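One chain, subunit A, appears in both complexes that follow, with subunit B as partner in the first and subunit C in the second.
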Partner chain A sequence: MLARNATGRSVAVAAQEISLPQTADRWIGGLLGAATATAACTVLLIVGFLLYSSMPLLLSGEFIETVTRHWRPYHMPPEYGIGPMILGSLSLALLALVLALPLGVGLCSFLHGLAPRRLSRPVLIAVHLMTSIPTVIYGFVSVSLLVPLLRRGLGEGSGFSLLAAALTLAMLIVPTITLLLNVHLQQIDPRIRIACLSLGMTPAQTVRRVLLPASRQALLAATILGLSRALGDTLVALMVAGNAAQIPSSLLDSIRTLTAHIALVLATDTYSPEYRSLAAAGLMLFTLTAVLSLLIRQLGRHSRGGSHRAPAIR
Partner chain B sequence: MKQLADWFGMAWMALALGLATIPLAAAGTPLEAFRGATGTIDIAGGTAHIPVMNEAAKQIMTAYPKVRITVAGGGSGVGVEKVAAGLVAIGNTGRPLSKQEAERHGLISFPFAIDGVAVIIHPKNPVSDLSAEQIRKIFAGQTTNWKAVGGQDAPINLYTRDEASGTRAVLWKKLLKKGLIAEHADVVTSNGAMKVAAAQDPNAIGYAGIGHIDSTVKAPLLDGIAPTQENAAAGHYPIVRKLYMNTKGEPSPLVRAFIDYILGPAGAKIIKSKGYIPLVAG
Partner chain C sequence: MRQRSDSLFAGFAWGATFLVLASIGALLAFLFVRGAGTLGPRLLFGDTAAWAALLRHAPVFDGLWPAVVGTLLLVCGSSLLAVPVGIAAGIHISEYAGPRVRRVAGLCIDLLAGIPSIIMGLFGFGLILFLRQTLLPDANTCLLLSIVCIALLILPYMIRTTETALRSLPEDALLLGPSLGFSRWRAVRHIHLPLASRGILSGMILSVGRAAEDTAVILMTGVVANAGTPQSLTDKFEGLPFTIYYLAAEHRTVGELDRAFGAALILLLVTGTIFGFAYWAHRGLEQRWSLRS
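Now for the complex of A and B:
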């Protein structure tokens, strides 16, 4: 009896020892699954909510009108369109990108070949630090330094403008572009560099003729990631761009982005016509950003087939 | 027989309520109403209200530490949203509630103070008097140079407030007569930010609650009348608004005590000291 008991117990213990990692595995699997499901469901819920709240506009056919018209709440009859904000968002994001892209590519070229080894590490650390500066700090510094500078220097307008916001936003997306491109450049086969060296190429030639062309996909992906970051930013636009709901026609124009518009109108009376434009603004913003994300995915798939084992950006 | 009993019960209740309120009204200090009270009052909304709310909260919580009062901003729109959702006990607005807001959520308004809204410019701007007509033309974007209204030869930089601002609603209705505000006007999101904009930009014109105006900005005369709280109280300065506290349905006894405190003589003293004009209760 006793012996059988003992064996019985030892078998149970053994079984437990074997099954322990299995249950742990199952737990980890479950937790990871739950995390994945939460993330996926959140995105789905957001899309669902945006569609649901734009339903009245979509069904009545007012959606197209809302998206294309002007924002003129003081006119008779008033107009509550978000056309200027869509153009504002796009022009701000594109301008910021045009400013940030050469900087980012330049920085990366500097880090990978042109910079002395002693310098490249501190520069990389500085770029990493740039990502940890909160957006509101960029905005605050811009409002206190850049905006008065533009106002005095150009003698036209209040300084709160497309240009001020684009310059600030460019600072915000330079690290995004630089770090993404940097990761790719680091992963380029070192043998390629050696080959370049042995061919007698200068570091500048290596960067210009070999490394950058080999990073075309990564460069495109960095571009699009930077663009969607610029599109989605709210605080810089709200603090620096001026928020006038007009179609931008000059760099010094005060403009309003979709994100800033949502922030500005969110607190209005829920039954006001102003408030109704929110759903359309949200849906448009989501659509613009989603289209760009899809583009990034597409590029990632192409670059996997590339010749340099480029990191797939997903 | 049963009906009689009901009547009897109701009479008792009325008596009890009467007894409960009489001592409160007759008590020596206004803070007496909070004796023995415990609980929390959360307040949010209009930014013009905050100085008054904070001072009242300080007085009450110092005397009766068991009462907790929190005060947050957010603007008139946020005040309505939060009180309607039951997130706060009192939602402050710098404008009367719209009919839909009041009806859909069953909100009750308690006006307690008057605040004037004045046009503000940079302190070094030589312009010191503007007519309502001139202001209307400036905000409509028809007058674009300060020279046209007696100032220097410099462009006018327009500043306005966001769509949810109670200050903007008052200015637009009472001074601009629901006229145009030019599309190119810069939009700022609080009375404080407006003051900063006007203080920094030598060519600025904007507007703010009179309670917010200090030496960093200049408030020109409107048709010869100085935009001061005295002139607003006397009825000489016409661009005024009421400040409201709003509750969802009848307030709880504790919240009621707070509202009575604000509406009473102690509240009036606080309101005056913060640069607003108290509304006499009743």
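Now for the complex of A and C:
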């Protein structure tokens, strides 16, 4: 199908190159090109803005200090470092990923072989539906349901913790992981399944021993995409994690992420140390997610099934 | 031969599915049970008469109406900006661009799609601080700024879905234009776009959903708790997702918490409906092509 389509396209292009170029056509092409240029420039503009804002820190060499130090604005002397937030972001995202990855893989295995025929479609629709639930609602329900539960169950602390946020965030990234993996599993040659069946393998064996190992790359891409989404999320962390700017040492600690830090700190002018810490946090966050996006692109280039983009229905 | 580890694996898959579905079920059930009682005209308009609020004779103080209006304006405004540009760029990348342009633009759009929404908000916020120090000392965060930043957020989705819809057209549709001697734009306008319209539509609907739900961007760019309905683009505004966030953290009375549940339920119904439309458009598309080939 892919090859057929490619020939069709190249024939179409060749035929159009033979036909005479029309002035109106050129105009329209230029106009459409301007739209693409706008989108591309937007990224450059945002990168430029982040670099420009952190320029004072980068030039004076304070960037490293900012990234490693504590956040103690009312201390004497005050410190405006974002070290705890970086650790907070990383630990929250990784923990959520560790929780979500087995769930996503399990869900996908269920959809591809283990589910009774009548169940598989409704479950897939439910996973799609999960993507349409706003993050603020995940956060809100977590605050009013999960946090009190943790508070009562553990008998200590306020319940606003790394654990609560990670559990909530895991629910948020499960559909991302599941849908990407699902698209890949759907593209696997149906003859492979028939071969497995004729070897007398059970559905569970087929999924575990053949289909999942065959989609190792998609699994990696899904992991990276899930991590990127977990790092970029603001609302769950802001509402559930407690927002204390401290280095996380246990699951029940209140933590603050880079995203929540940006949302919380009030800066009134670009010269203030608060604003500089925001710029540094923004730059760190952008660098992390950009590296992850590039990794996914690279994976997509080497895979047969085309690119590993987030599924259209997020 | 059936091995024990394989049965364990099957159990794990069933368990994972059950766990996820049960959590989502609990989330939805909790929201519906807790929120259903709050629904009603009082939730939207508070003590103000509905017609007076609709005709803007009287301000609404303790209802969700201003937040609904704010979100509506935000969604309409950002879609007006992002949808035409997104569709145009999608057409350009899939139909006009050469391999090198396609690669560079694809890279930029992947990066743009990966940027966390809070950074879009920070960008807007920094832009205002910059403008204040240079050209416009009176610049402040406002509805217009939020519209622009949300538009940037949904732009990559629009481009990607348009591009994907156009690129997954079958071969005969691509050959139809040249075989009739159509110019490139004519083929795109009269053959490719109509055939891809459902895919583009589903992308458009999803972008609208994303514009309606995002909180991080508006948090940084001009949403406030008690703005009322905005009178102009340079006003502060209220938004449904922000109202949920704000009331969840700052509610002082049970009534305010009830309002947060009402807002959450309304937002969920809105995004659920949007999702339903997108799913319907997408499924129609799948059926169309699977019938043909």
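Criterion: the second predicted complex is superposed on the first by the 263 of 314 C-alpha atoms of A that agree within 3 Å, B and C clash if a C-alpha of one lies under 4 Å from a C-alpha of the other, contacts with A are read in each partner's own complex, and residues count from 1 in each chain.
By our rule, contacts are C-beta pairs under 8 Å (C-beta built on N, C-alpha and C of every residue); 3 or more make two chains touch, one makes a residue touch a chain.
This one's a predicted model, so the numbers in the text were calculated from it and none came from an experiment.
K.L.:
If we overlay the two complexes on their shared chain A, which of subunit B and subunit C does A:R256 touch? Say first, second, both or neither.
P.N.:
In the superposition, A:R256 contacts subunit B only.
K.L.:
For A:T270, using the defined touch cut-off, is the partner it touches subunit B, subunit C, both, or neither? Pick first, second, both or neither.
P.N.:
So A:T270 meets both subunit B and subunit C here.
K.L.:
Looking at the overlay, does A:R72 come into contact with subunit B only (first), subunit C only (second), both, or neither?
P.N.:
The first partner, subunit B, only.
K.L.:
Using the touch criterion from the header, give the chain among subunit B and subunit C with more contacted residues in subunit A.
P.N.:
Of subunit B and subunit C, C contacts more residues of subunit A.
K.L.:
Pick one for A:P102: touches subunit B only (first), subunit C only (second), both, or neither.
P.N.:
It touches subunit C, and subunit B stays clear.
K.L.:
With both complexes superposed on chain A, which partner does A:A245 reach: first (subunit B), second (subunit C), both or neither?
P.N.:
first
K.L.:
Quick one: is A:G157 in contact with subunit B, with subunit C, with both, or with neither? Answer first, second, both or neither.
P.N.:
first
K.L.:
Going by the contact rule set out at the top, does A:L278 touch subunit B (first), subunit C (second), both, or neither?
P.N.:
A:L278: touches subunit C, not subunit B.
K.L.:
Quick check on the superposed pair: does A:I46 touch subunit B, subunit C, both, or neither? Answer first, second, both or neither.
P.N.:
After superposition on chain A, A:I46 lies in contact with subunit C alone.
K.L.:
Check subunit A for residues that touch subunit B in one structure and subunit C in the other, and list them.
P.N.:
238, 267, 269-270
K.L.:
If you look only at subunit C, which of its residues touch subunit A in the complex?
P.N.:
2-3, 6-7, 9-10, 12-17, 19-21, 23-24, 26-27, 30-31, 34, 84-86, 88-89, 91-93, 96-97, 101, 104-105, 107-123, 125-127, 129-130, 132-133, 152, 155-157, 159-161, 164, 167-172, 174-175, 177-179, 181-187, 202-203, 206, 209-210, 212-213, 215-216, 219-220, 241, 244-245, 248-249, 260, 264, 267-268, 271-272, 274-275, 278-279, 282, 293
K.L.:
Could you list, by residue number, the parts of subunit B that touch subunit A in their complex?
P.N.:
Those residues of subunit B that touch subunit A are 74-78, 80-81, 98, 100-101, 104, 155, 157, 159, 162-164, 172, 178-181, 183-189, 197, 200-201, 203-204.
K.L.:
Tell me, which parts of subunit A touch subunit B in their complex?
P.N.:
Going by the criterion above, the answer is residues 70-75, 148, 151, 156-160, 238, 242-246, 253-254, 256, 264-272, 274.
K.L.:
Subunit C touches which residues of subunit A in the complex?
P.N.:
Per the stated touch rule, the residues are 1, 4-5, 7-9, 11-12, 15-16, 19, 21-22, 24-25, 28-29, 31-36, 38-40, 42-46, 49-50, 53, 102-107, 109-110, 114-115, 123, 125-141, 143-145, 171, 174, 202-205, 207-208, 228, 231-235, 238-239, 259, 262-263, 267, 269-270, 275, 278-279, 282, 285-286, 289-290, 292-294, 296-297, 309-310, 312-314.
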